[in-house]
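Shared between the two complexes below is chain A, which has chain B as its partner in the first and chain C in the second.
Now for the complex of A and B:
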């Protein structure tokens, strides 16, 4: 039995059915009902019984990826390549399984988005029902959510079924564009542009020469900020090169703004970031191990 | 006898310089940054090695080949990423390189990318040129909600990773692997390059998973620049354009081209190619629209940075005067 039979074209098996067929929908329905049943059954289990199930599922899910990174898998594999022996067989199996497991992960992530929407609706409807403070914002949020979903899906469906809709703008398309491009996108840009004001205010109030370290930081920051102004870099570097008589190995060339900024980037910033990333990587590894082995406290391990 | 109350004593110059009200700074920033958007000026720039390498790599793509554009930006970083996306689209279209468009960072990203491509197509139509056609020249794969899993799957088997993905073909929604863009692509190694336009750390996911199998390039925001350049210096990506500065550098390279043999002095003239030692000579797209959104915002960046430097200098002068007075 080939569990990973989703290759193109997929050979018919218990695990698949023709795209869009009633048979496929029936199987999806059965799988969904079974999944829902499992979740409900899980909810009725006592906490002590849940823990080993969650730990086993976490270990198996994490174990697959650990195996993927540690077990040799085929490189540049062709469609007719056949594994030789146990080790290559496992490598081929892992290689075949990765897209399928990644598909599971994609679906779970999509469900997480759905869960977020459900939680948002639940909290805000609760607030509206109780007439809590600022309930009108909750009502606006729910109305915006529904409007965006309805018009977004409607528009997508029309375009999917009739590509000429792109050329003939309808009420649905206009509304969808107004909501997404005319409102949502503009508000998103506006919200993030506010950061510039805070950065300016913070730089003015906090960037003061109070110690040797602060002075070094300020000098480096000034060089980097100046190096981001192309017109200034062009003029400054031109002046320095003129002073150096346009000789490429002249000492004065070290004082080109671009050279100073590159030196700071290559010798101070990059090693610093590498060190931070290395530390973060080690921390992530430790955290990953704790989660994989269900040693982390919290959630079901409380 | 009149006495000065502590709260009513006139402020010294130092105190005044250190206590400029926030609202004054905000108004000055809003006015200078906005006003700078209107004049149409072409400011000079000196392209960095990372941007030159990105340009050289893009220009070396064979005509008719396929690349993947992973568009991981939304309008929150429009100031930088929209210019990057548009410059990339101009290069790919002029080089007749086909591309598959996908996103992993944000569900809004595919539509934002689609809008950017529509703008470029309208620009082409206005210039009497043929717009880039969906299905024949590019396909949209949409949003993948799990960057890590998607990257692993693409590295192992691109056909299975994208199985079931459909786009609008001549006969309705059709499997993307039947399109001229992807019909010859069997695995990730067949893709000429993968370019990530990003405002978060999605590039790391690609480097970890796909980096060994396909050349990667980055077009990131200024905030992501320092982290991204680490991978450029270790040669894990073929090139990078960082922030708005990177976009303007790329536009400048598109206009001027690069020449390894040009002298420092000649390269200072903006009509001549940019000096790029150790790289091949590449002509720019002379006579085409090269300076666009990046250059449009560049004066604003200059004015905002000048204001910030001035604010820092004024604050420090104020602190210095205040300390001297109290000493």
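Now for the complex of A and C:
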């Protein structure tokens, strides 16, 4: 198996070298040694010594994206353009590095997904061993996990080796389809549909008149909900128009259902949401800054 | 660099807010007792843990289903969960932290293990304390709902990035009578939490939580910096409201072009796009190349004289038609050789009714790699 096979030949950049060249192998060797060295260093270093390394890596990774945002982007870059001057050179380097640096996260995630599966298996086997309440669900989960992986991989492998399988399904494709589309997707849809009933019960509790706030909420919700009922809007707005003598600038027109709902939406809901978004945005900015500069240590180091 | 009318004001604004936050972190390290208002949702945390302790039931924590791009939100949730875990284990109350993302799981496990270690209670950390359920939204919802029902959790904390599964969690926990504290950065989910939960952290209360709970100078200072930034935004909104109210009533006889110039027009009320604040945040489109003014007697004269001037080997290639500064014309592309590399140069040529030629704009491209070499990577790799 050619582990370095790629659909599109990698273009030359700081991050790459011509396909199959000695330079490429040298770079792979250096990167591998560096990575291995870092892992070994982490294993043997005391906890206190690890922190500056983590802080430096975080700062460099965050710094790259800050630079990407703030550094002037080269304009109208053509596929064969050579950068002119230092600023353009750095701009080109940053643009070239974006897909590579973004790929780092994928590599780390690939390692971490294994951790997730390990946790899932450990928790459920522990439950089965101890015979805890509903342990059979854990057994079912482990069995489902194995079945899905086996049939998923089997199906993928068959389709890869024999494209005619896509047209002429075998037992493997039928089972794989039954497991994924026939069971998994359907069960997910069932979970999603439960929300409709939960909305009803939550709305009932929220709209009960317990306080001034709940009463205002009820009134606003009632107007907005009624404004979405076509027949009722037609009747109500007709009554208001008659009352206003069909004059378009009559004060009573403000009480048309659609007008009231629009007013609530534009003057109460939108400013409220914008205010929340400002707060959330600022919070995210502060949090990002603290993480980037390794100032955020509340959960980990205390 | 020109900042007005180029859209760079947004960057300056962000840098100003960053400066506010860093300045206040520095201030907070020197000062003691910066005030943070009471947040009921956070006061309820101890009450909820106390109830779980009395009932001998576990405390459930869910940091949402945010992926790696929302790691800031998840990290904030985990910081709060570290506080909850510390309080819970001091009372001997078991915890359950359910993750929908493997990265979150790895991070959560480290944080929670660290809390157990610092409290000297590693023996109380169970296999189920931190667990990965599923990275599929509704499989995760089903898994957490099952856990709530099986373990009859007495207190539940839903803090992080939640989507459609929020109400499933909240209503399931409500059905077993658990005290619920929730907070989401997703506007669309906050109403569901308000309807179904006992206490809700709205908007940046979620981010204020760690400062409120820990009173660490870095976090408190950061919170004050956020408040300064909010004051700045509020001031800007007020200035914008005043400036626009005045400017929108003005009658003007000019209009703003896409490239940011003001040209004569029929008298009209100033449009929103013509107000000062709009131009401050919305960059004008840049005209390709630099402005020049070269006249030639005819198109042939232009080709001959320009060819000599540039030292080009071949005649120009006519390109696309365009309109620049209210003048219609056509781009002509030249190729010149510099240091054995080609450089494209394009002229915007306007032909007058009398046949004379006016070049109003000149664009100089970058030197080109020979075609035998492969193009560079990156998102800038597309053709001009």
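Just so we're on the same page, the second predicted complex is superposed on the first by the 192 of 302 C-alpha atoms of A that agree within 3 Å, B and C clash if a C-alpha of one lies under 4 Å from a C-alpha of the other, contacts with A are read in each partner's own complex, and residues count from 1 in each chain.
Heads up, the rule we're going with is that a residue touches a chain if its C-beta (ideal position, glycine included) is under 8 Å from a C-beta of that chain, and two chains touch if they have at least 3 such contacts.
Remember, predicted model here, so these are calculated numbers, not experimental data.
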Notebook entry, point to check: After superposition on the shared chain, which partner residues are touched by A:36: those of chain B (first), chain C (second), both, or neither?
Noted result: neither
Margin query: Looking at A:76 after the superposition, I want to know if it touches chain B, chain C, both of them or none. Which is it: first, second, both, neither?
Written below: both
Next item on the list: Could you look at A:228 and tell me whether it touches chain B, chain C, both or neither (first, second, both, neither)?
Entry: first
Checklist line | Contacts of A:137 with chain B and chain C, given as first, second, both or neither | finding: second
Note to self: Let me test your reading of the model: by the given contact rule, A:203 touches which partner, first (chain B), second (chain C), both or neither?
What the structure shows: both
Notebook entry, point to check: Is A:273 touching the first partner chain B, the second partner chain C, both, or neither of them?
Noted result: both
Note to self: One more residue to check, A:119. First (chain B), second (chain C), both or neither?
What the structure shows: second
Margin query: Is A:95 touching anything from chain B or chain C once the two structures are fitted on A? First, second, both or neither.
Written below: both
Check: With the two structures laid over each other on chain A, which partner does A:174 touch: chain B (first), chain C (second), both, or neither?
Finding: neither
Item checked: Shared contact residues on chain A - chain B and chain C -> 73, 76-77, 79, 95-96, 98-100, 105, 108-109, 112-113, 184, 188-189, 191-192, 199, 201, 203, 205, 273, 277
Next item on the list: Would you pull the chain B residues touching chain A in the complex into a rising list?
Entry: 20, 22, 25-26, 29-30, 33, 43-46, 48, 74-79, 107-108, 111-112, 115, 144-146, 148-150, 152-153, 155-157, 159-161, 163-164, 168, 172-173, 175, 177, 186-187, 189, 222, 226-227, 229-230, 233, 243, 245, 248-249, 263-265, 268, 298, 301-302, 304-309, 311-312, 314-316, 319-320
Margin query: Which residues of chain A touch chain C once you look at their complex with the stated criterion?
Written below: 9-13, 15-16, 69-70, 73-84, 88, 92, 95-100, 105, 108-109, 112-117, 119-120, 122-123, 126-127, 133-134, 137, 184, 187-189, 191-192, 194-195, 198-199, 201-203, 205-206, 273, 275-280, 282-291, 295-302
Note to self: Applying the document's contact rule, which stretches of chain A touch chain B when the two form their complex?
What the structure shows: 6-8, 19, 65, 68, 73, 76-77, 79, 95-96, 98-106, 108-110, 112-113, 159-161, 163, 180-181, 184-186, 188-189, 191-193, 196-197, 199-201, 203-205, 207-210, 218, 222, 225-226, 228-235, 237-238, 241, 246, 248, 258, 262, 265-266, 269-270, 273-274, 277
Margin query: Per the contact definition, I'd like the list of chain C residues that touch chain A in the complex.
Written below: 11, 14, 17-18, 21-22, 25, 68, 71-73, 75-76, 78-83, 86, 99, 101-103, 105-106, 109-111, 114-115, 118, 127-128, 130-139, 141-142, 146, 150, 164, 167-168, 170-171, 174, 185, 187, 190, 192, 194-196, 202-204, 206-208, 210, 214, 216, 218-219, 222-223, 225-226, 229-230, 233, 286, 288, 341, 365-371, 373-384
